[in-house]
Structure formats: structure tokens, C-alpha cells
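Look for chain A in each of the two complexes below; its partner is chain B in the first and chain C in the second.
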Partner chain A sequence: MNARRFATVTAVSALAALALTGCGGGSPEAAADVSAAPEYAGTLSILTKFAGEPLEPYFEDLAAEYEALHPDVTVELIQETDQSIKDKTKTLTASGALPDIYFSWTGNWAENFVRGGLAADLTEVLGPDTEWGGSFGEASLDAFSYEGKYYGIPLYNNGKFMGYNKDVFEKAGVKVPTTFEELLSSCSAIREAGYEPIAFGNKDGWPGLHYLQQLFAYNVPGDKLSADFVPESATLDEPGYIKSLEQFKALVDECTDTGRGTNGVLYTTAQEALAGGKAAMYYQEVLEFDTVTAEGTQLKPEDFGIFPLPVPTGAAGDPGAIEGSPEGYLINGKSPRAALAVDFMKFATTAENASTLSAPPYGQPSAVVGAVTEDTSSAAVFEGIGRVNDASQLVIWLDTVTVPEVADAWLAGGEALISGDATPEEVLESVRNASAAAK
Partner chain B sequence: MLLQQPSKTASGAGLVQPVPGRRRLRRPGARRDRSSSGRLSSVRLRSFAWVLPAVLLLGSFVYLPLLQNFAFSTLEWDIYSGRQTFIGGDNYVKLMQDPVFWSALGNNVLYAVISIAFQVFGAIVLAAMIEGIRSDRWRRALRAIYFIPSAISLTVAGLLFYFIYEPNLGMLNYVLETLGLAAWAQPWLGQESTAMLAVIAMSQWQGFGYSTLLFAVAIQRIPSELYEAAALDGIGPARRLFHITMPLVREMSGLMIIVTISGAFQVFNEVMVMTSGGPNNSTQVLGTWLYRNGFVRNDFGYAAAIATVIFVVTLGLALGQLYISRKRRVEW
Partner chain C sequence: MVTRSSFLLSITRIFTWTFLLGLAVVVLYPLLWMVLNGFKENAELFGNPFALPVAWNWENYVDAWNRGVDNYLMTSVLVTITSTVATVFISAWAAFGLTRVNIPFSRTIVTLILGGLMLAPTVALVPLVKLFQSLGLYNTFWALLILYTAFRIPFTTFLIRAYMIDLPREVDEAAEVDGASKATTFWKIILPMCKPIIVSTVILHVLFAWNEYLFAMVFTSGTEMQTLPVGLTSLMSKHGTDYPVVFAGMAIAALPVVLLFFAGQRYFIKGLADGVGK
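Entry: the complex of A and B
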């Protein structure tokens, strides 16, 4: 093949491929009618984040009950884990095969689906003034609202707290710290008592972001922090960022046994260190409280306590902020069974099912008002949700509140900080660059 | 264990056949077909009919996706709205300016270099040693022992080594501490300086036995007279390895180099299981960087551009290696 012929063939092939792929927008489809009367027939597909024990049976039981109520309906469950659901959702989205109901985080994650027309506008059935909407806490509903419209059904609330072993604290003669500095100074006493002060595993990168985001909320004024999540308005020049990075590094070096090797430890290994009575503290979500004190673990529910990550002295941000946000489900905006999907989610959030979800072994504090009580939930979950409700503001997870490029830069920076391969200044500079490139 | 020339009785040794020369084979009666254009076209049509299913399958599942991938690399694709905007070569320009892309490419090259050292040259030496053992039972046992890691899936092996490398509970640091070498204990996967090498080391453990087995088969095909003549001339095992074994397994070496380099540029599973590309992107390889851009950063057009680079690099290397090995073909 001579050069001219080769060039021609290449050009034709490229054009053919372009034609096959097709440029332009997706095919316009009619918006889902969520307020229509549901037709109880057909297959309803649901993508959940409840794969694995102890959560997996929750949706399985719901599906079985719903199918028993409506024999012509088949519920098809796709259950994924916290890590795998990210890939699964994007693969299904890219291939135009998103299920009728699918899991979503708040922030930029959900906003992408809203922007792309893949999340049905539920205002008519879920707005705060509606009967169904009135059953949820208003803050939980607001977390899934964009430009005054409501898109997500908040299934449960969540927040991040330091879980601790009361027995170990007593043996080490340590009290619950009230400042970040006190937390750091308590670590040596705990270590002398023979325990790892704080168990921490950062293999996946995001656990480090949880520490950072809470420290940012403490050290950076709220309006500046919110502006910095959006690349178009971000300046990332508040001194609170450097302070937060330094505090995080100090915590890793002084309070974990793994130190600069923390990137090589699984999140669940750290969780097991607290549950197994080897570590005194472990920074965790409310959703994990019943797991670390589950039957068979060393840590008993009565020995388990929680406190928010203590506020650093002189912090310039909001000392009452807690990192966390509800997690919930969106209805596919292109689903022909949107009304049936709404009906299923109404069923999933009845007072009875909400209480079941909030109680052990699930321990997922429902966003339905009144579902989490001292009788239905464990003491720790009840206290955690009380603190979440009392927080001056909820700060969404750093890896879902901002655009993926910036979140990825924070993630890589956090890892480099832990391993000692970058200084706080270098980390912040790399994030600034990522934010500038994402504009 | 004594090293000696490969036994003639070893399986396959007696099956050595002369390699036919590169003579172009002609279908019997081809000249006669040309005299009748009707029969020729009928034969041709039948030939096309036989190969058509394979061509269609290959076209649909191999070549069309390749073209589509190239087309995607010229787009900015929003998976949420489905909007695709043609941006020409912008993704390739971005690629050139992306430091993580270059470090990922460097990691692939490092992977390839170390893999060739272990899985080609190391494997030849080991295979020659195994084939030089007198005892048939030992030879078989050693082949099996070295091959077993290859039977373990990469994901399982990755997970296994993740726990071996674990800084607090892992076996490697425990062994080092037990031997009084606590200072050598490292967070192997948790720091930039050791993470990539730790992943590559696992891969060598996993792939070494497979290539050793292939080389053992190739060595069995070498006529034992060559070794006998060399032994009579007083040539030692090392010189026999360099002057008889290595030249005569050149075809297998060429093939293994292609396979190893291609494998090194397609590496994905072990990195995902052990480090997910971290810490600080230090263990990113082209495959994982492609994945991260597509599935984490939602930049599928850029991910397609990385995929195109992987394809071009592996295709180029394979063609180059095929060309070289064809020119240096050994016959006996």
C-alpha cells in the first residue's frame, strides 16, 4: 500500500468510525410522568449500594414483599458495594442502560444526572408540601434539590464521627478530647497502654479525604469553602487549607501505627482494628456504627462511644459543621415505569420499612422523620443522627461535592502527604492546577 | 543436582522435525484453474464464503471497536447528557502535556524491561537448568512447582500479595523483623518509592513459571547431538547455554518477548487490586490511567485517546519484533 493510498484508507476509516459513533446529543425522550397512576406490571430494575452482608437482604426482602403485593411486577435488583457502584453506575449511564431506580450521593454526583436529564423531577410528588415529602426531614430533601426542584428520595442520613472504645480510654486514662490538639496529645497515652490510638486505612484514597473535608469545614470560612468547590469561582487561597493539611499529617504521624504506610492499609482493616479491640479510635460513618459492634466482634455496644472530630484551636471556619449528607435514590428520567418506580420507593420509605432500615443489623438511619428512636436504633446510631440533625451545617463528602478532576487531585495529594512525598504547599498547588484546568 | 545435556528420552525430544523452508505453498491444480475463469471465480467465491464468517466476526468485534475507539478519542463526550462534541486532536495534545500519562508510560516500560529480564532471560536459564536434571521425576515436579503460580488468577494473586505486603500484619515485614532486618521493613505498597516495584515483583512471581514451561518445551526440541558434541569438546554448562540453547530457542524467545511486552502494556488487574494506581498516581499504568479518566473523571474521550496510544504502542512493538525474529530465524 503506497503512502497516498494508506492516507486515503485511514481518512475513510476515521470518517466511517465517526459516522458510526455519531456526534451530537442523545436522543430526546419524553420526560417521565411520575405523578401518573402506576401500572402494576412489568419489570422494575433497581441499582442499590447494599451488596454484601449485613445490608443485602434489605432490598431483597422489600422486593419480595412488593412482588407479593403486586404479582405482575418483577423487581430486578442490581446490588453493588460502596466502591463498585461508582463504575457500575457510569457504565450503565454511558451505555444508556440506567435502571428505573438507582442509588446516588448528593452534590456533584447527583447534579450530573439532573443536568443530563437522567433524574426525574419529583417535586410534584416529593416536594416538602406533599404528603410523601412531608415524611422526610427537610434538610434531607434539600440535599437532593437543584434550582428549587426535588430529584432524590433520601433513604438514610449519614455523618462522620470518631468512634472510640470507652474501655481503652479508661485504661489509658484518657478523656474524650475537646480540641484537635488534645486529640493528638492523647495518642501517646493510648499507645503506652498498648493500643493503636487511631486505626486508619487509606488504600482507596477517599478515607483521607473525609478527614480533610472535616478539617476544611473547621478551618476555612463556609462561603469561601463553598466557592472553592466550584472551579469557576475557586481561588483556594485560604490559609485554612494549609493548616488543615498540616493537622491531618500530624494526626497520621502521631496517632496511627501505620504512619506513612497508611496508604497500604485497607479501610476495612482499620475498621476491624477497632472492632477487634486493638485500636482505641477509628473515624467512621454513622452507617458503620452497628458493624463495628456487631455480634462476634470484641467491641461491645456499651463500650462504643462517638464524638465529632475535635475542632482545632483558633479555627476560622464553622466549629459546628459535621461532614456528611444523606444518601438516596433517583428515578430514571427516561424510564417508562417512572410512576411504578415512585410507588416502589414510597413502599420502601413507609414508617415500618424505615424503622427496619434504622434498626440493627442494618443500622442505616432512615431519613424518614421518627424512624430513628432509642427503641428502634442502637444508642450510637441514635446519638449520631441526633448530632447530625443538630449540626450548624452538613458538609458533603469532598469526593462527591466537587468536580471529579479536583476531587482526584485532593485524593492524590492526600496520599502523597501521608507517604511524605509532598508538602502541604505542594498538595494545595496541585489542587489549584487541577481546579484551574477544570474551569 | 547435576546439570547435563537434555535427555533424549524427555517428552518431545524425539519429535524434533526439520522446519520446512519458507517455500511458498501452491494449491495443487492452481495453474489449471487459471485456464478457466468460470471455475476460478467459483473457487474464489467458495473460498470467500469459508472465510466470511471469521472476517465478519473479527470485523465486528475487533476492527470496528478499534475504529470506534479512535473516533471517541476525537470527541468530548458527556455521558450524562449523551452530548458528543468533535474536538479533533485536542485529547492527544492534552495527553502530551499530562505528567501522569508520561509516568504511567514509564511504569509500563519498567514493567516490560523487568518482565523481559525475568520472564524471558531468567526463564530460559531456569528451563535449561530444569531440563538438565537427570531425574525425570524431579524434572516433572519442578516444572509443576514453577507453573502453579500461573494457574492462580491475577486478581487472586494480587490480593494475596496485598496481604503479604501489608505494613502491619503482612508476612514480608514479619519475616524481615524475625530475621533481625526490621530496618528493611517498608510500607511496600504505601509509598511511591517501592509501590511500583512491589507490584511488578508480584507479576514476575505469577508469570515466571508459565514462560519457564514454554522454554522447557522449546529446549526439548533441540537435538541432543549438539549437546553431546559440545560436551566432547569440553564445553561447560554456561557456554552450552549461551552458544547452543539460547540461539536454538530464539524463535520462542522472540515470541515470549512480544507476549511479555504486550502484556506489560496491557497490565491492569494487579495494579487495580493492589494499589488502584496510588499512592499519588505513582503506580498508574496506561490501563489504570485510562480507567481512572473514563470511570472516575468522566472523561471518556481522553480515555479513548489513551487506549489508542496503548494499541499503537503494542501493535508497533509486535510488528517490529515479528520483523526482527523472522529475519533471524534459525533452522536445523
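Entry: the complex of A and C
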């Protein structure tokens, strides 16, 4: 291709690109009035994270029931998976086509929508003093609050616990540890009994951050911790950080069979090690409890127990904190049907629909108080959610609570710590640098 | 001397065979592994990933089929066939017009079409979502058909044009002398002569449309409208994936392409050798 022709081709493609992108102007904005009486007409669009079995029918059934109650309303569902929802949400947001109701994680993800004016302020209808807001656990509501305003409807709750095999503990003569040090010292007895003490797979990076965040909550005072998540106010100079990193490294070295190679183990492989009766413990989310004891696994529900990661002796932070956060839905701040959207979400979180969500086959522990009962949920899920509701505070996952740059530094740091490529001091230094650069 | 050279010859042969067999194992083993693991249970898969399955759980395949793979397969097959036909015919017509008919500004038109090659699909994503939403085509079969066709026309036209431009002019002239119209010349003479390149472009397009992920992920949602690459990811979840069912789904997804390959093996090799390599 000669130079002249190349110039023409470039010019033509640039023109084509301009023509395609140039049409994106701003659309007139209607401020959402969430407390108005809903007008039961039109199409209500919803972006969910419930695609695939067994969750897909939940919103389909809700939509069908809602349409039967209000015949002039059509509910349009866009159902996505855990993998696809990030890209889908980004594309829809960029093209100004965000649905009336959309899924959101807590932390930085939701905050971006709040800052961009895309999340309706629901304080009037969802604040803790309102009738609807009162039906949720307060910690769940707080997880979606920014600067004193409430934006998100928490749909289900989640928290991280150490799941253990009671039978293996008995064989090894080990009791449920009450301190972090006891946990470490129990590992050798379990290993002697022929089991891997703690199954841990950190191939994705985030499983390691879950340990770290729980330890930070124990070792770093709460107000300092919250300030350190925001680059503008972060100092990251509490001694608790180094302690936590050292404790995490000790756990990997003393309690896992994979040790320095843990970064090469899949999360699912570790999960399967507990479910298959090969490992004594595995640090997991409430949403996984029913998976590790599902039909066909070695681990029976009656042998499965949970406890929060034990608190290190002399920890300076909050010993009652549990790492976890709800996942929920935001209402599009620019939607002309915001009141109808609120009405639909009220319908989705009635006591009856909340119980349906918490029970099999869905098994998503609803954030509505009283929806998870001993009759409908498994014993472990019931206990876990009870502990989440009673926690002095919920600490949001480290990789979503802070900005992406800092989260990436923690991810890389956690992996380097496990593989022995970095010391706790070096890891903290790299995170400090990332935080300073993200200001 | 004779024995020495025949000895060398057989050594070379052994090496060639070993190399080719090794290559075959490298290509076939992962496929076989996928099919076999589709018969296992989760615990067995993680416990003995390389052993043969203890029991042949055909239920995994049935399960995968019932969990939406039937729909994904149907959508994938339909969108692949229709977009292949549309792309190849439109491109062949365009190439014919640009090489064998005197039309004004043909060079500019060629540049314009080839300019499309430089537009990355990712860049156009946001405006396309807006466009398709306003046209009511979002989350429809038409969205994928239009996108797959439009984005592959530049490349396909480029290939067919390069082949057609070298066909002797005398053929057209002979046809014209015999009273054939331009359309007849295209259908009866030029198109059959372009068979090798047409086969190549069909293969390339089928592989593209069958495996495309980005557009399918952004422009469709729900089991009804998703294609295999996107649909298979919905069989996996963060909390507890039934991997054997996923492998079974993947095996089902690979089957049509494997069958297509065996059915058209001759054309595949000939097409790729005659067409693209030209």
C-alpha cells in the first residue's frame, strides 16, 4: 500500500468512526421522583445478575406475577451472569441505555453510579426510619449508603466464614479455635491425622484479599480503616497492616499444603477439597455453604460447621466485624418510571418473595429480616446469616471497597506475599504508592 | 552407499512420523479430555482429572442440553448459516462489480470498503448499542446477523476481489460475445471460477461467527437469544460450578464444527491451499 493510498484509507476510516460515534448527544434529563404514586403503565426494564440455572426463573416468576397484578405494565428482563454483567453494565451506561432497575455490588462500583447521577436517592422511601427500609437489616442498608443517603435495595446478604469438617476435627482431636494463634497451632494436629488443614486456592487473587480484609478489620481501628480505603484520606500507616500481612503469610505457610504454590490453585479446587473430605477447613462465603454439602459430595450437612476467622490476640481493631456485603439493585436516577421501579422492588422484597429467594433452589439469603428461617434454609446458612445480621459491622470486600488501582496493588501484593517474592513491608509500600498515585 | 541412504531415509521417516503423531496428540488430547470429563462427577474430575471416568454419566450431556445448550446451539447454527450466506454473496457481488465492471470511482469505493477493516469492533460498540436500541433491534436475531455480516464484508470482499482481479478478462468477453448479461456472467461463469476462494471465505466466516463473543455478549441476553460462546459461560458460576456439565456443553458445542470439518475435509484443505495462500 503506497503512502497516498494509506492516507486515504486512514482518513476514510477516521471519518467512518466519527460518523458512528458523533451521534452521541446528551438526552434531556428527567429527575426521578421516587416517592410519587406509581403509574402502572409502560415497559419496566431490569438488568439482573441471575442468568443461568438455578437463579434465572426467580425474576421471570416475579415479572410474570407483577404483570398479572398490573396488566398495563410490561417487564423487560436482561439477565446476565457474574462474568458478563460488568461489560454489559459498562456498555449500557456508556450508551445511555441503562435499564430502570439494575444490579450493583456495594463499594466503589455503586459509588460510581451515585457520583454519575445514575442512581436515584431512595432515602425518602428506603431510609432506616421508613416502613420499607425497616424491613431490611440496618448493616445491609448501610452498605449502599453514601454521605448519609440511601441508594441501593439490598437483595441478598453474604459474609465470609471458615467452614470446617466436624468429623475431621474430631479425628484430629482439635476444637474450634478461639484465637488466630490457636488456629495456626491446630494445623499440625490436623496434618498428622492425614488431612490438609486449610484448602486455599488463590489463582484469581481475590480469595487472598478476603483473608487480608478480615484481618485488617481485626487489627486496624475502624475509622482508620475506612479512611484508608479512600486515596484522598489514606495514610496506610497503622501497624495493624504489617501484623495482618504477617499473620496471613503464617497461615499460608503453616496451614496449607500448597504453601508458596497456592497462587496456582483454583478457588474451585480448594472448595472441592473440603467437599470431597480431603481438607479440614476452607474459607468461604455464605453463598457457598450449600454447594460444599450438596448431594453427591463427601461432606454431609451434619458434619459441616462454620466459625468466623478467629481474632488474633491483642488485635487493635473491631473483633466483632465480619467481612461481607449484600448485593442489590439501584434505580436509574434518570428513569421516567422511577416510582414504578420502586414499586416493583417493593414487590420483589415482600416477606413472601424474600423467603422464596432464601429457600432452595435459589438459596440466596435475603437481606429482609426474618426471611431466612431454620425451616427454609440449611443450618449453616441460617447460622451464617444470623451472625452477619448480628455483626458489629460489615466490612466490604477489599477488591470492591477501594478504587481499582489500589485494589490491583493489593491483588499483586497478596500474590507476591504468598509466593515469597515480597515482604509485608514491601507489599504495604506498593499499596501506599498506588494509593498516592490514585489521588 | 545404497544401504546408507535408505537407512537415512528411514530415520527421516521415523522422525517425521513421530513429529506428526506428537502433533496429533497435542491437538486431539485436550478434545478427548474434554469429552471424557463430561462423563465424570465434580469430585472425580478434581480427584482424578486424567483417569478414565468410573461410570459413563450420560446425564451430564442431557443436563447440559436441557440447561439451555439446545437453544444456544440453535441460535449459533442459524446465525452462522445466515450470516455466512449473506456475507459471502454480498462480498462476491461487490468484488465482481469492482473488478469486472467499469463503474465510476471504483478505486474510491474499494478504499472505502477496505477502510472498514481498520474500524475495531470495540470502538463502535457504544454507538451501535444506541443505534440498535433506537431501531428496536437490540436483543434480536437481526442484531447479530447484521453485525456479523457488516463487520466481515470488508475482509471477505478484499479476499474475493484479490482472486477475481487475476481471472482472465477474455472469459468475460467471450461470455459477452455469446450474449450473456452481466448477471449471467457472474452467476454462470465468474462465481464458479471463484470456488476455491469462496470455500476459503466460507470457512473463515463460519469459524468467526461460531466463536464470536463480544457482540453476542453485548447485544443479546437470556437463554432464548444467546449463542454458544456466551451461553456456555452462564453454565459457570462463581459459587460452585458443575464442571462436568460445562465440559459436556462444550463437547456438544464443538460437535457441529468437527462434523463440518470431516464432511468438508477435502474442501477445507484445498480451499485454504488454493485460496488464501494464493
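In the analysis below, the second predicted complex is superposed on the first by the 360 of 439 C-alpha atoms of A that agree within 3 Å, B and C clash if a C-alpha of one lies under 4 Å from a C-alpha of the other, contacts with A are read in each partner's own complex, and residues count from 1 in each chain.
Here is the rule we use: a contact is a pair of C-beta atoms (placed from the backbone, for glycine too) under 8 Å apart; a residue touches a chain by one contact, two chains touch by 3 or more.
None of these values were measured; they are calculated from a predicted model.
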After lining up the shared chain so the two structures overlap, which partner does A:G148 touch, if you call chain B first and chain C second: first, second, both or neither? neither
Between chain B (first) and chain C (second), which, if any, makes contact with A:G314: first, second, both or neither? neither
Tell me which partner A:T91 touches in the superposition: chain B (first), chain C (second), both or neither. both
Considering only the touch criterion stated at the top, classify A:P71 as touching first (chain B), second (chain C), both, or neither. neither
Just checking: does A:A416 make contact with chain B only, chain C only, both, or neither of them? Give me first, second, both or neither. first
With both complexes superposed on chain A, which partner does A:G116 reach: first (chain B), second (chain C), both or neither? first
Touched partner set for A:T269, first chain B, second chain C, both or neither: both
Once the structures are superposed on A, label A:G261 by its partner contacts, choosing first (chain B), second (chain C), both or neither. first
With the touch criterion stated at the top, can you tell me which chain A residues are shared between the chain B interface and the chain C interface? 13, 16-17, 20-21, 23-24, 87, 91, 94, 96, 269
Please name which positions on chain A make contact with chain B in the complex. 13-14, 16-18, 20-27, 86-87, 90-91, 93-94, 96, 112-113, 115-118, 203-205, 257-265, 269, 404-405, 408, 411-413, 415-416, 418-422
Residues of chain C touching chain A in their complex? 41-43, 46-47, 67-68, 108, 111-112, 114-119, 123-131, 133, 138-139, 217-218, 221-223, 230, 233-241, 243
So, in the complex, the side of chain B touching chain A is made of residues 64, 67-68, 70-72, 74-75, 78-86, 165-169, 186-192, 195, 275-276, 278-282, 292, 294-298, 300
Contact residues on chain A for chain C in the complex? 5, 8-10, 12-13, 16-17, 20-21, 23-24, 51-53, 56, 77-84, 87-88, 91-92, 94-97, 268-269, 271-273, 275-276, 285, 287-288, 291-292, 294, 296-298
